[in-house]
Amino acid sequence: MKKLINDPQDVVEETLQGFAAAHADLVEVSLDPAFVRRAGGAVAGKVGLVSGGGSGHEPLHAGFVGRGMLDAAVPGAVFTSPTPDQVAPAFEAADSGAGVLAIVKNYTGDVLNFETAVELAEAEDRRVLSVVVNDDVAVEDSLYTAGRRGVAGTLAVEKIAGAAAERGDDLDAVADVARRVVANVRSMGVALSACTVPHVGRPSFDLADDEIEIGIGIHGEPGRHKVPMASADEITDQLLAPVVEDLSLADGEDVLLFVNGIGGTPLSELYVVYRRARSVLEAQGVRVTRSLVGSYVTSLEMQGASVTVLRLDPELTTLWDAPVHTAALRW
Amino acid sequence: MKKLINDPQDVVEETLQGFAAAHADLVEVSLDPAFVRRAGGAVAGKVGLVSGGGSGHEPLHAGFVGRGMLDAAVPGAVFTSPTPDQVAPAFEAADSGAGVLAIVKNYTGDVLNFETAVELAEAEDRRVLSVVVNDDVAVEDSLYTAGRRGVAGTLAVEKIAGAAAERGDDLDAVADVARRVVANVRSMGVALSACTVPHVGRPSFDLADDEIEIGIGIHGEPGRHKVPMASADEITDQLLAPVVEDLSLADGEDVLLFVNGIGGTPLSELYVVYRRARSVLEAQGVRVTRSLVGSYVTSLEMQGASVTVLRLDPELTTLWDAPVHTAALRW
Amino acid sequence: MTLDVTWALLWVRLTAESVRAAKDELTELDRVIGDGDHGENLDRGFTAVSAKLGALEEQPARIDEVLKIVATTLMSKVGGASGPLYGTAFLRAAKVTGIPELDSQGVVALLEAALEGITARGHAEAGQKTMVDAWQPAVDAAEAAAGAGDDPERVLAAAARAAADGARSTTPMVATKGRASYLGERSAGHEDPGAASTRLILDAAVRAAEERG
Amino acid sequence: MTLDVTWALLWVRLTAESVRAAKDELTELDRVIGDGDHGENLDRGFTAVSAKLGALEEQPARIDEVLKIVATTLMSKVGGASGPLYGTAFLRAAKVTGIPELDSQGVVALLEAALEGITARGHAEAGQKTMVDAWQPAVDAAEAAAGAGDDPERVLAAAARAAADGARSTTPMVATKGRASYLGERSAGHEDPGAASTRLILDAAVRAAEERG
């Protein structure tokens, strides 16, 4: 294992310290309990947005704290959901009195810890609603799994709900918008290599030189199946098809196409994937009216990519376009 | 070799096609000869800025085409400088009549090919000045080398010269600002792993599990020396010390601190490096007044980072802060 | 032959020790079918529990006080799925142990409450390849042993043995809850990390009863 | 025993073939002390030269026309350091070969002009571990052979042999020009890729003279 880290135990704290120093204009960082909040604190009258989860997915979530997106982010240990005693103070920091929306990726750990934090917050008469993101079509949402996972689509939920909160929507309305994004966003990912959790010291799974994992999550878990290495176009087709099918995309619909790098993949390869995904969508009559290409929801240094499609309507498009000023996303 | 690509021969072209489709609001792409220009063409009365070099360093340079930065970028084959018959039309595309500044990284191939393109442009009565970037302190600038290489500091030259051109400086003034940045910016990088050029199919150098390469360039070449793997703090110190020394930084000076990822390194590790570099600089009385952390000048999927320091004065600071709207850098 | 606060404190200490010793093993189980943090998570939690108890001016005088400290500390330090699950287990267990000493029925009540806490939070049942597959047979065995008139130490021993068998029984299972469920069929052939850590915890309870006895 | 345009065309074809055959070898040399593209660069260049010649309605009638096509095509297709260097070499060579046939002095003039082109652009001299270390001895040997009255074919053969020795002589050198210079002492022990490709090019010239003869 070669990483630019010091003691594996200190990775999250030192990352936060660096992040705080580099972005002092945008964020304030609490180290114990660990959470990141917007510089200047909760915005009067605005619904507060809080998200969080295990570390190792940077820039998610701390990189999305700022105007037009999150009010606070709560990083757990690497790939480990944060604890209620981190989440509850983040709720407090984000609440100007207009209530808080918690954006939770659908993992048992995240759901349970946020659930407990919501109970703590309610005991203090804070109003918190939760939205659970589950965009990963690799996992069947059925009796046989813990339900679909939340992956790169989380970015779209945070961006669009953030814009709704910023324009002054009340808590129920912001939650509604967030749920509308959740209902219309789907993703699927591939790993070309595993990643190594610092304190584990060895790769999260074994993969031969000519194999890839299709249907991976973002916690170093292997995918739904190993398949032989293939061309970018073939792999992209395998990622896109179930996404399009699950969304039942129809001719003439508008979408956001988001090609996300999993951490160790160069930007050039993401554009190769984007090129193919876009041309396949267009051949089906789907109009790609918004795009995002980059490594935003990652698994440490894992090599691979995911393809996310969000069905757009005029309101979601307007909210996507609304200004955002965070460390990782800005326009 | 596992990469999200199709035929290695098509990597550059397919990357450009994806880039063009994803950023149609910002750029227009010519495929043969290959170059990227600002959407809308040369800006009347403004000095045109052109840069280029081998591909494999994305988002450099095409990701920096747009308002406040480059007017055109010229990508060669992977790690191979572009040819004069690509560069000359890019000069033409960037020239509104106010002349063109070519920003060239100091590699024999880049220098020779741009030189030839400048000769071709001059034969057509186009005014082109060149600035050669050579910020890499790993290489001694002496009789014994081809001179210091241009690495991550190139971003600062392009950003700041871009802002000078945008505010209306004439060609000589823009070139002067660019040279001032070159004179005040220094970098040094480390590789934790090699990278694989698509058509080569095997890693650019061999590195044991407990070794790293200090003083690497950005073309997969090994560094000045192999050293044993060490902590992030120790490695950062090894990168920063020669940079600070070469700049002769003094107590009380202002700097931009830029921690750049080489391609396969997660953002979290870059913040760990940033944290250390910043605290060392501050302990020396140097004030870090501007910061950038991210993977901007890369070597395919190589793991590693570089540390760049730019000595700032009020004018350079203002130009750094000026608005920029490109695919990879925006504020 | 009842169990008192000395037993509870010793239980916690032995659990912390054995989690520390098995940290890499638990993490390895979780690396294969999960995300490779279970050993680290529990070790962080029980290390914090030990620190918390060590920092107290006065040691707790009652079993339920000990279990409540364990509960709140695990809840606030572990994270992941296992943090709230074990946290709730110990919290519910604390609620039924507000008495000076535990007889056999008291031990059964403690274990039943713990299992209820886990299922209330996690909605899993036996057969889904989770820690429930260790806790459920442990509770069943404890109930049977107590019904047969065994003393608390033997009730615990029966529970621990059943938990160990239960943990082993998760190996061939296909997970339908927790992170391992994402693997579908590929989750079969590996022991569930949470069931394995449950075995450690109940085993420590037995050893605490023996050492104290 | 002079060399004409048939020779020049055959030289180009044999060069293209031997660059294609040695592509991986050249790339491997460049991978070790450079950036691993030299074989790819030259192959792209000479493939384009062949295509360009193949697409002409009428084949060039003079040596200098052939060399000019090689020059401009390499310049516009190769990139890297070797593109402008070889491009300029062939451009200068074309300038001194505007005559129907080359005698021994003509061959010497061609080689001298090529070397001058390379040093004019690259400012390298012998001993710096570049293609100059193959070209310089080639020119010296050609001058000596022509001075001794050898025919063009033998002049070329002497040049090619000297280039091969020159290429080999780069192995122990520490590079002070080009990309390999970044490696400092670590560049010693490996042959320079540009010197190696120079050997191939001159070797093809000899074979073209032999086959045609």
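So that you can tell them apart, the chains are marked A, B, C and D in the order they are listed, and the count of residues begins at 1 in each.
Note that in this section a contact is a pair of C-beta atoms (placed from the backbone, for glycine too) under 8 Å apart; a residue touches a chain by one contact, two chains touch by 3 or more.
Only a predicted model underlies this, so the values are computations on that prediction, with no experimental measurement involved.
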Notebook entry, point to check: Count of steps on the shortest touching-chain route from subunit B to subunit C?
Noted result: 2
Item checked: Most remote chain, CA-based centroid, reference being subunit C -> D
Next item on the list: Could you find the two chains linked by the most C-beta contact pairs?
Entry: A-B
Notebook entry, point to check: Just curious, how far off is subunit B from subunit A if you go by their C-alpha centres, in Å?
Noted result: 29
Check: From the C-alpha centre of subunit C to that of subunit D, how far is it in Å?
Finding: 76
Checklist line | Separation of mean Cα positions, subunit D and subunit B [Å, integer] | finding: 32
Margin query: Touching at least two other chains at once: which residues of subunit A meet that condition?
Written below: none
Margin query: Give me the residue numbers in subunit D that touch at least two other chains, ranges are fine.
Written below: none
Check: How would one label the connectivity among the chains shown: line, ring, star, complete, or other?
Finding: line
Notebook entry, point to check: Using the touch rule from the top of the page, what pairs of chains touch, sorted by label?
Noted result: A-B, A-C, B-D
Check: subunit B touches which residues of subunit D in the complex?
Finding: 27, 31-37, 40-41, 44, 75-85, 87, 121-122, 174, 176-179, 181-184, 186
Next item on the list: Would you tell me which residues of subunit A are touching subunit B in their complex?
Entry: 2-7, 11, 14-19, 21-23, 55-56, 58-59, 63, 192-193, 209, 212, 229, 231-233, 235, 263-275, 278, 288, 291, 293, 295, 298, 300-301, 303-305, 330-331
Next item on the list: Using the touch definition up top, name the residues of subunit A that touch subunit C in the complex.
Entry: 54, 76-85, 107-109, 112-113, 115-116, 138-139, 143-146, 149, 197, 199-200, 202, 204-205, 217, 219-222, 224
